[in-house]
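Below, chain A partners chain B and then partners chain C, in two separate complexes.
Presenting the complex of A and B:
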């Protein structure tokens, strides 16, 4: 088990290295940091611009292979991922934003999986029943609502609630309030700010798990072995939970693990609506501002998350399906 | 709890009370065409330690009866009547109450052992779970009991194998585990729904023995559901014959087989091919098809197929009535038939589709196979596949087939029969050996007109006609397709399609219908007609009858015989059902692990099998006659056919061979070290067997 995970991890590390370096070259060719300076007044000459970029390793007069080598050595030796065209260190930005994203993503992922799978199991056992039809209709409706619309709807509802309850506990913008001090109040304040974006992400995320888990479980519900389990004296519900669900969870576990990197860097709209500075927005900003090093660091971050997700998926599969352990 | 109707009063003191009483069980399923009345008033009593066999064709409602007794029907099913288990009515109990009964008082064995066990739990875990559902046991104690149960059902090395997963067991071994699950809590009633249908005949004999042992061990009453009248003859105390959702005859096994009294039972017995007894008797098929259970018309549902039906039969459905000295029969004319004054077959057998008495003289050689070899690589690894072994699927197989002759390849699954067939149909240079079709060596065949012509000479009939026919094409299109591929013009295609329909005994209106609208027997006739379209000389039949019901099988067997003599075809038949093989084939070749171990004239081999494997195979087939079935001595092979990945140097059968065990050391030495060469039986040309010990 440990050996096979280590072997898989080594393969993924290689994959991350290749992907990150390829991204560096692509970003260097397509992103032009000089354009950030051309709009500035007073107008600067090309030479002046290049001069300004040189300290950050972005001078276009230096051959791209040299720039790559400098970047690579600083990453490998000092774990320094470079600076943006305006001189902001990438490490600090990514570190801070990854934490912000993690806050958002962790709770939202857990909630979407729990809600989605539970709903899938509940409705699959009552196929075409009242609860199944209603939840199916709701889920399909939600599936078709764009994130921006859903997020704004959540904001409106929150404002309405705040006004009518006469409270101000649902924060519609920002990660925290600037005037709060002390450890506990700060944590409480951040949690309150977390409610609405988490709600939005959960709403967007649970639908997929509900619909796929329902159909996966329906496939195994009619399996002969579930009938055998019932014949040994399990009630229908017990047979589903102990025998059918475990087999039907394997694909879901894999999709959760692989879904984590996607929502880490893909929650752009939710972050924007609620004014959170997470990885999603950062990714868009780096590309818009021709920040080569920032874009590459984001890509490396996403690749690492994919690797972690894949290994988690393997571990989950082994946990759920003991047959894998045998071979 | 109060019952709507009083529970049956136990008979006079001394007689044991029934453990299971079913009263007027009715089950219907909703469908688009209206409610399907799958079970229409079934009732019986089951005494402890006794076996009731329920026989019937597919769709007769026997499986619905079994699942109805277990309370495992889908929630959409509408169930009425009573199922009294130890005096308590199970119908109407909710899932929670039923779950306390299931597994503890009533256990069930299912048909398909490959899918009946949860793939992600070890068999020991599944068994100990089943024990702990009803008993307060520690994990360790339950595991110990699970190991004992595995030992009881004959799993070798039960302690080691308990931790193995279902996919590590063969089908027969898995069915043993399913039986262990069913008897884990010593239920008083066992329900077995076609427990051996998915298994090979030699394994079937083992499993039936295990089932009998399990029944003896627990003293349970057994409801055994099957379509195999041989199994019934060997295992039943009482037999109930089911037709269109009702019992039509319910009698003791001796009485039923001595004089089947319901015309359906009598005709069913006459339509079953058998392996034993002297000369083979002609099969008399029951015309027509079982009725649909949606909106059943008034009257006896069998009347339309019955040769002795009266007008009164079509007016009212007869109930089960007591017939003196026999049992209970649902037929107006049961009295006359029981007296012997009326022949239930109506005297004459149908004139068409009769087996021609004389065998046509064998013509020229259509197919010659010499020393055919086919191997498959055994690989390991997901990305970089390493070859870790070789599976010898077919190893040095050779035979000859002449026009007007039928050769049957017989053997258990995995013996290489189908691989041989497919190698011939592939029409490419084989891996080893030679294949010659109509005088042409296929290795020399270049793609082109000659190859296409030869392709038309060899056609195949598949096992499952529903899967083999495109459901989106009407029959006439299906039959025209091979002709269009052969480049015939439109007018001749239309004429040929009509001719083909007539040839296989279908009327013209069938041409416009889709396969789904045909019955099983009609579909297989279409499959045969399609194969015949290009006027082939060799027809390969891959399990042509195994998807068909007994009453329909006989008709197709007779059709094949007629076509062969009319068209001078050569048949190469692959089948696992030896009784069917006996009726279809002139010669047979018995295969084991890719080798032909015995070959010869069908009747010669059935009368005097020489190779120990052939003997075991023949003796494993149950005979539909209780007296002979119970008296005869059977050779039950131990173990199962091993994989063909690592063949021994000597005889491939030595590991399971009963003769090897009794042989002296010099013979054993030869069996271990040298592959036996085929030896001729003196005085019988063509009868060869490969064994050192005979």
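Presenting the complex of A and C:
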């Protein structure tokens, strides 16, 4: 059982490595760091531009395989993710942002799963009831709202609340206030800034879990083992929680891994709207500035988050599914 | 499609048929053609019909809405900057004096064309690759699945943004880019359904008759995925609208002289409270478009699925 989880984890790590390297080649082909220097005055010649890029491993005259090998060795040996076209080390930029974004993505994922599954169970037990129909309609509407629209709607409501209800704790810009000092106030301040982006991402993320969990549970509610459980004298709620839900959670657990890229994509837009200096916003900036190494580091971060989610999903599957434990 | 679904329409040995005809003598259910049956089941689903009506209205609006205003989306009216909706400018104007109504008509048209063509192309590619991989099996199947899984791990949005930053700007290029990086999830679904189809007797029979692999995929496997493909086509429009909006919102999709709903959302993002109409109209159009397509897709799924209970309204056909 431990071995099967380890084997799967190794497979995921391999996938991250392959994916990150493939992204390096894609970024090298599609991002052109030279274009940053062409707008500079006085005008540089092509040779001067290439010369300026050479120390950062971005010289286009060097074959791409060669640049890739230099980049790979520095990542593997020194965990150095390279430099931007202006010479800023990627590591310094990423370290802090990765924490900020990981916090956002993980909290949003956990909240989405909890809210979505709880709502799915609640509504499946009351199929075609009032609560079921209302939440179904709301979820289908939310499923179709682009993240940008949802984020801006949240901003609109928050500003309205701040103005009309006199609230002062809903921040619509930035990830911290600059003038707060001391450990506890800083933590509190960060948590307050976290509210709205997390709310937006949870809103976008819970829907999938709600709709799939509802239909999965509806399928198992008719199964023989649930009827048997009821026949042994369990109440409807007990039968759902102990027997039906346990079986219906397995596909959901597996799908959490593939839900993380979606949440990260949402985070790119949410961070842009809320002015967060996280990985999502960094990714936009790196692409706009043709920063090959920065873009690759972001892709690696996203792939790593997915892999962490997938490994956790595998472990959860082991706990939920006795068939996996036996084989 | 037809081979799979027709038998149960005319000649099903129905035990409850006499009772039903006794209750409702007027239409003989046995004489219902397949198309009529689907249509009837679809029309019974009220939200789906509402979806069709909304979608048709949106298409008409994008096609003929421009006739009702004297402004074009490229015209700037410097006498009216950031005006709220009024008689001269029905949806108001933005900071550059562009008429939001004209922009909305053009943007909706742009988004619709991109969404529909990408989703058609995506379905074609996904069906060929998914069904082909399932039928070919072995090494081809494993290699295809590895590629699909790779693009499920790295958020395909990142790759999209990376590639379209350099190539896009032109909406026709955006269509190609969105298709090239968007077919994987659908292909995976089609592959998993096709793996059961390839074991069917008629596929084996065709193979023993000496039919080539390409012909088997095109004539025997893909037609039997018909309903799945149609449903995914409509839901693909929703996915494409969402990713096109996101890309254009971040500045990687349709670029400034051109207008799509995503770029309009980006324009309105900074002035949500001071000029909400800049944001409200494109947001409303996007949501109407995606919700109508989802309703249509759900209605089609229920209507085309022979085992569906909701579509057949509790046993009725």
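Throughout what follows, the second predicted complex is superposed on the first by the 322 of 327 C-alpha atoms of A that agree within 3 Å, B and C clash if a C-alpha of one lies under 4 Å from a C-alpha of the other, contacts with A are read in each partner's own complex, and residues count from 1 in each chain.
Following the convention adopted for this analysis, a residue touches a chain if its C-beta (ideal position, glycine included) is under 8 Å from a C-beta of that chain, and two chains touch if they have at least 3 such contacts.
Just so it is clear, the model here is predicted, and its values are computed rather than measured.
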Worksheet entry | Broader residue contact with chain A after superposition on the shared chain, chain B or chain C | C
Item to complete: Could you tell me if A:247 is touching chain B, chain C, both of them or neither one (first, second, both, neither)?
Response: first
Practice prompt. Have a look at where A:147 lands relative to chain B and chain C in the superposition and call it first, second, both or neither.
Written response: second
Fill in: Touched partner set for A:264, first chain B, second chain C, both or neither
second
Item to complete: Examine A:132 and indicate which partner it touches, taking first as chain B and second as chain C; both and neither are also allowed.
Response: neither
Practice prompt. Could you please specify the touching residues of chain B with respect to chain A in the complex?
Written response: 70, 72, 95-96, 99-104, 107-108, 110, 112, 115-122, 129-130, 133-134, 165, 167-168, 178, 181-182, 184-185
Discussion item. Can you tell me which positions in chain A touch chain B when the two form their complex?
Written reply: 223-225, 227-238, 242-243, 246-247, 320-323, 326
Worksheet item: Can you list the chain A residues touching chain C in their complex?
Response: 15-16, 18-19, 22-23, 26-27, 30-32, 140-141, 143-149, 152-153, 155-156, 159-160, 258, 261-262, 264-265, 268-269, 272-273, 283-284, 287-288, 295, 298-299, 302-303, 306-307
Discussion item. Using the touch definition from the top, list the residues of chain C that touch chain A in their complex.
Written reply: 149-150, 152-159, 161-163, 165-167, 238, 241-242, 245-246, 249-252, 262, 265-266, 268-269, 272-273, 276, 279, 283, 286-287, 290-291, 294
